[in-house]
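Each chain gets a letter, A, B and C, in the order it is written, and its residues are counted from 1.
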Amino acid sequence: MSTMLHLINRSPFDAPALESCLRLAQAGSSVLLIEDGVYAALGKAAHAAAIGERMDDLKFYVLGPDVAARGLEDKPLIDGISVIDYGGFVDLVVEHEVTQSWM
Amino acid sequence: MEPWEEDGPEVVKRFMYVNRKAPYGTIYALECLEVVLITAAFDQDTSVVFVDDGVYQLKKNQQTEGIGMKNFSNTYRALDDYDVEKIYVEQASLDARGLTADDLIIPVEVVTTENLREIMAQQDVVISS
Amino acid sequence: MAYDVNGTIHEADEEGYITDIGAWNEDLALMIAKEENIDMNSDAWEVVNFLRSYYEEYQIAPAVRVLTKAIKKKLGADKGNSKYLYELFPYGPAKQACKIAGLPKPTGCI
């Protein structure tokens, strides 16, 4: 079984990419929220519960520069999501055998 | 007529711009903002609405150095200079995103869905993006 | 087109607005002003510097009516009026002063 990195770049309100990913991602894989995908990381927004449900068997990451650009650094993110930089993004891609972009 | 003397506009219409997209991920928000300013510069009766992900356009504290894009959230603060005073944000859209009026970069009128429906029905032109 | 300031080339669009705002300097401003036949006296510099700080704050070049109003608020009615600004920049204060200030064409100008 290959380890998979799931990339989400769409707002969870604007596209069902996150929803489908959470439904189909194999336990043990990682999910990285980038660009408009970072809105899903907000602790008080509507999708926090759905991410929370998979917090035990998936690893969640969010790209820091995209969080800062959207003015979200002053809002609490969901507990357990790791904030990474571009270098961390590269590391994740290297660590996983397969990367899947949910367009 | 001297070049500094201005004619008023011949026709004034009620233009409403409905913003539904987050900034940066797509070009819609920035393009719409430019059209709003152009409409206002032509002395038209201009309203701007933020619903759905459009409310994210007004989030305070945007810092875009890390993504190499222009932080155009500051331009919303110029709407006042352009005499655009009708700025509406839907309460339900803020609620779904865990935001309040205090999170926004400019003062706005937070309206109910019901209010917004009525305001929208009063326009001559509605442009959604 | 382009401006050559002592060997440094600044690219500009077909109307003469420079493409890299960050590369602006006063020598370049003087060269653009010369092309526009504008005498850069202290009053003209005041308007150009005002536009640069407006851009810094709001990330746009304002339309002429907005510029006039903003100058009136900051520098008083003697300067914040169209006649005064057109005397300094006869082909349009927003257009010409923006070009000299290194900003894009004003939003709301055709």
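Keep in mind that, in the parts below, contacts are C-beta pairs under 8 Å (C-beta built on N, C-alpha and C of every residue); 3 or more make two chains touch, one makes a residue touch a chain.
Just so it is clear, the model here is predicted, and its values are computed rather than measured.
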By mean Cα position, the chain sitting nearest the middle: B
May I ask which two chains are joined by the most contacting C-beta pairs? A-B
Give, as an integer number of Å, the spacing between the C-alpha centres of chain B and chain A. 29
I'd like the Å distance between the centres of chain A and chain C, where a centre is the mean of that chain's Cα atoms. 44
Going by residue number, chain C touches two or more other chains at none
Where chain B touches two or more other chains, by residue: 71
Multi-partner residues in chain A (2 or more other chains touched) are none
Once bound in the complex, which stretches of chain A touch chain B? 9-11, 13-14, 35-36, 39, 42-46, 64-66, 68-75
Chain C residues touching chain B in their complex are 57-60, 62-63, 65-66, 69-70, 81-83, 85-86, 90, 92, 107-109
Show me the residue ranges of chain B that touch chain C in the complex, using the header's touch definition. 2-6, 34, 37-38, 40-42, 70-72, 74-75, 77-78, 81-82
Report the residues of chain B in contact with chain A in the complex, numbered from low to high. 21-26, 52-53, 56, 59-67, 69, 71, 73, 96-98, 103
